[in-house]
Amino acid sequence: MIAIQNINKRFKKLQALDNINAEFNKGQVISLIGPNGSGKTTLIKSILGLVRPDNGLITFNSVPVTEDVAYRSNIGYMPQIGRYPDNMKIGQLFSMIKNLRNTAKVLDEELYFKFKLDTLLDKSMRALSGGTRQKVSAALAFLFDPEVLILDEPTAGLDPLSSEILKEKILVEKEKNKLILITSHVLTDLEEITTDVMYLQDGKEIFFKSMAELQEQTGEEKLSKIIAHMMKNGLHKKEVSYLKIAT
Amino acid sequence: MLKISKYVLYDIIKNRVMIGYTAFLFIVSISMFQMEENSSKAMLSLLNIVLIVVPLISMIFSTIHWYNSYEFIELMLTQPISRKKVILSEYTGISSSLVTAFLIGVGIPVCIYNFNDTGVSLLLIGSLLTLIFTSLAFLASVKSKDKARGIGAALLLWFYFALIYDGLVLLILFAFSDYPLEKITLVLSSLNPVDLGRIFIMLNMDISALMGYTGAMYKDFLGSSSGMIYTLGILIIWMLVPLTIAIRSFNKKDL
Amino acid sequence: MKRILIILLLLSFYASQARTIIVGKNHIVTSLRKAVALAASKDTILLEKGLYKEGNIIINKPLYLIGEGEPILDGDNRYEILTVSTNGAIIKGIKFQNAGYSSTLDFAAIGVIDAQNIIIENNSFSNTFFAIHFANSSEALIAGNTIVGTFKSEQTSGNGIHLWKCNNIVVENNNIQGHRDGIYFEFVTNSIIQQNNSHNNIRYGLHFMFSNNDAYLENTFNNNGAGVAVMYSHHVLMQKNVFENNWGGSAYGLLLKEISDGTIVQNQFVQNTAGIVMESTNRIDVQLNSYRGNGYALRIQASCNENTVHHNNFQGNTFDVATNGTLMLNEFYNNYWDKYEGYDMNKDIIGDVPYHPVSMYSMVIEQNPNAVILLRSFMVSLLDKAEKAIPSLTPENMTDNKPLMKPLAL
């Protein structure tokens, strides 16, 4: 569905993305993992067209993303830090986005109601806590029932209860055979849902494998253990040689 | 696009600066007409408002608004909306509200007290300068990294067009006073929208002086109907070019 | 005026004793030429309505030529129509058209040579090279004539009312347009020009040279190519005239060149490129005039001395006073300047700070004409403000030390 070919991005001195290649398909739940500044968010933003890669190509359903913005109607994006017009109220924000999208699709307002946003319609965006902001972001991302969900640190700042609601929702969407892209530092969050793992470091793609493959390779069950194993034991020979070529 | 502009407008109306700007222009214009016995003197003072204050406010307001609505712009760009559409909607929203503020604040008093060629040309130039300097402000904002630099760049541009440029022209006129400079002067004034606007209004105001001992050539060219079309054409180019560059640069920008 | 009345009285006295010859299609005499030949001194010729093309007719005896129902005398574009060389002729109510053009002779509709006691009244003139041409004559009244020239170039058109070497002439109530100069005075003394309207002439509305002790009053001069020029004369009174809309590269309301001991009072200068231009002008008293919306209200060349400018209103002019030198030997006081920004603490309606009527930028333009393009820019107003604080370019002694706070009722 989304194909990434030879993407490079440099911010002044920092190589944010270094020759990334990947293909994401329906039914996959891909966990983007890596330390801070490893390029996760840059990769997501590149897919969304918010960051323009220096070279390479990103296609959505084989159409380059730079060609037509219409593909974004198939993507629900939940940013790491949701930033919204300060002087808008929650109700206005939702009605504006609905108005702009003007879609005939049946809206998925499950999160909207579960997070009780309907009781906060008159709250100004300026006055919102980080957690409520996240709820707004999440509700917006799922609202149009998109084929692709891109969730950047979805559970950060959410209280445990809401976090649980969100995770359940992600699982439901996974069942609908959607493509879901998640970054998170909290590996346990990703545990039950991940099908594939992409590990980034210093803008380089260290590995991109299915859970099954990783479990087999490391002999570990849990994602956190798998990652720890991979870090501790160094990378598999194959990856090492790959790294050499890459650098 | 109009849909987005609507939200931009809504946002601008809410933050009250625009209402303050309208009220400021209105009070200043009315009091000028009230204080001066003859309206032509009031028009002279208004000319300064149009040439100095209107560009300044247009630039500062547009720049600040741009940075303040960065979140909004980001949000729009996660939606299936192209960047060009977003920036053009912002431009339409800001410039139309600035022009409206100008036309209410200055336009109504002018229509009441001095509705003639001079008045109409003053309103026309004021509106065009608003559009031009909003466009320049967009360029400065898109090109600058942060708010402080953006506002700094906008102020510098304003300072350049309002003051420094004329100083340079005067220097050139004196440095090369032995040469025939009429055509060059004409070109030089086309390179500054404030100058061009000023001359346009002046030709409707001080015709006698301009036509006088020296300015006959300017009057003959710029005062003719083809000259007016030339002036307005150049001013429109002044609006379009920075905006186009801003759109291009915004298209390549990382958010 | 008194003199004219006496003339009129005398003429009417003579007329009662004289015959009247009627000229017209249905009368015995059908041609003016014949009538003039038949007439004796002091006879009246009554010209009835009709078109008369009779070439040049010379009036060499005192006749009263009166038109009835506007008869037309046509010069066929070849002849001077009437040549008057006698004393005591009257020409009234006739329409003159198509006087001849000559590059060497000053052909006119009415040419008056070496004559006295002439009245030319209520005639109309169209397409005449010169309309009324007086040479070496005196004691005449030229009144109520309507003169419309055909717009040609400066070289090929003559003057509306042309007076050369005359004295005691009254030019009154005429409407003149489309000539080279509306009214032309050369070596004319003790004469009055009043209540005329001279407009849309190619060169000057009034051209006035070597003519002393004259007055022109209550005339209107507008839209003339170069305005009004008064040159090489002394003791001229200019009162209650209106000079307006004289625009152009070298146009002015009033040009004074080598004029001395004159008075300019109660005139209106409106929307001229320059209201008054003074060159080598001495001892002129300029007072109670109103200057509105001119490019320059006054341009005083450094060659002018001892002129006084007082009790005038300066309103809405781009520049109030301009000069080309730094030395000023003329006096300004008690004028109202709308650009004056001083205060009046003691409430005597006289500003407490002197006003500098010469703006710095007018001096800049004087040196560098192209700089006019920067007029009214922010930078220029800053320069002017700076100059007011520390004068360096403008003549220091060029001030009105007692400017009025309020405009005079003029």
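Letters are used for the chains, namely A, B and C, taken in the order the chains are written, and counting of residues starts over at 1 for each.
The rule we apply is simple: a residue touches a chain if its C-beta (ideal position, glycine included) is under 8 Å from a C-beta of that chain, and two chains touch if they have at least 3 such contacts.
Labels paired with UniProt names: A = Cu-processing system ATP-binding protein; B = Cu-processing system permease protein; C = Nitrous oxidase accessory protein.
It should be emphasised that the depicted structure is a prediction, and the values quoted were computed from it without experimental measurement.
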Distance in touch steps, counted as few as possible, from chain B out to chain C: 1
Chain whose Cα mean lies nearest the overall Cα mean: B
Interchain centroid distance [CA atoms averaged], chain B/chain C, Å: 47
Chain centre separation (chain A, chain C; CA means) in Å: 90
Whole-Å gap between the CA centroids of chain A and chain B: 44
Complex interface listing, chain B residues touching chain C: 37-38, 40-41, 44, 47-48, 51-52, 162-163, 166-167, 169-170, 173-174, 177, 181-182, 185-186, 189, 194-195, 198-199, 202, 206-216, 218
Residues of chain A touching chain B in the complex: 11, 45, 48-52, 69-73, 75, 77, 79, 83-88, 96-97, 99-101
Chain B contact footprint on chain C (complex, rising order): 247-251, 271-274, 293-296, 315-316, 318-319, 338, 364-365, 367-382, 407
Footprint of chain A on chain B - complex, ascending: 3-4, 7, 11, 14-15, 68-72, 74-82, 252-255
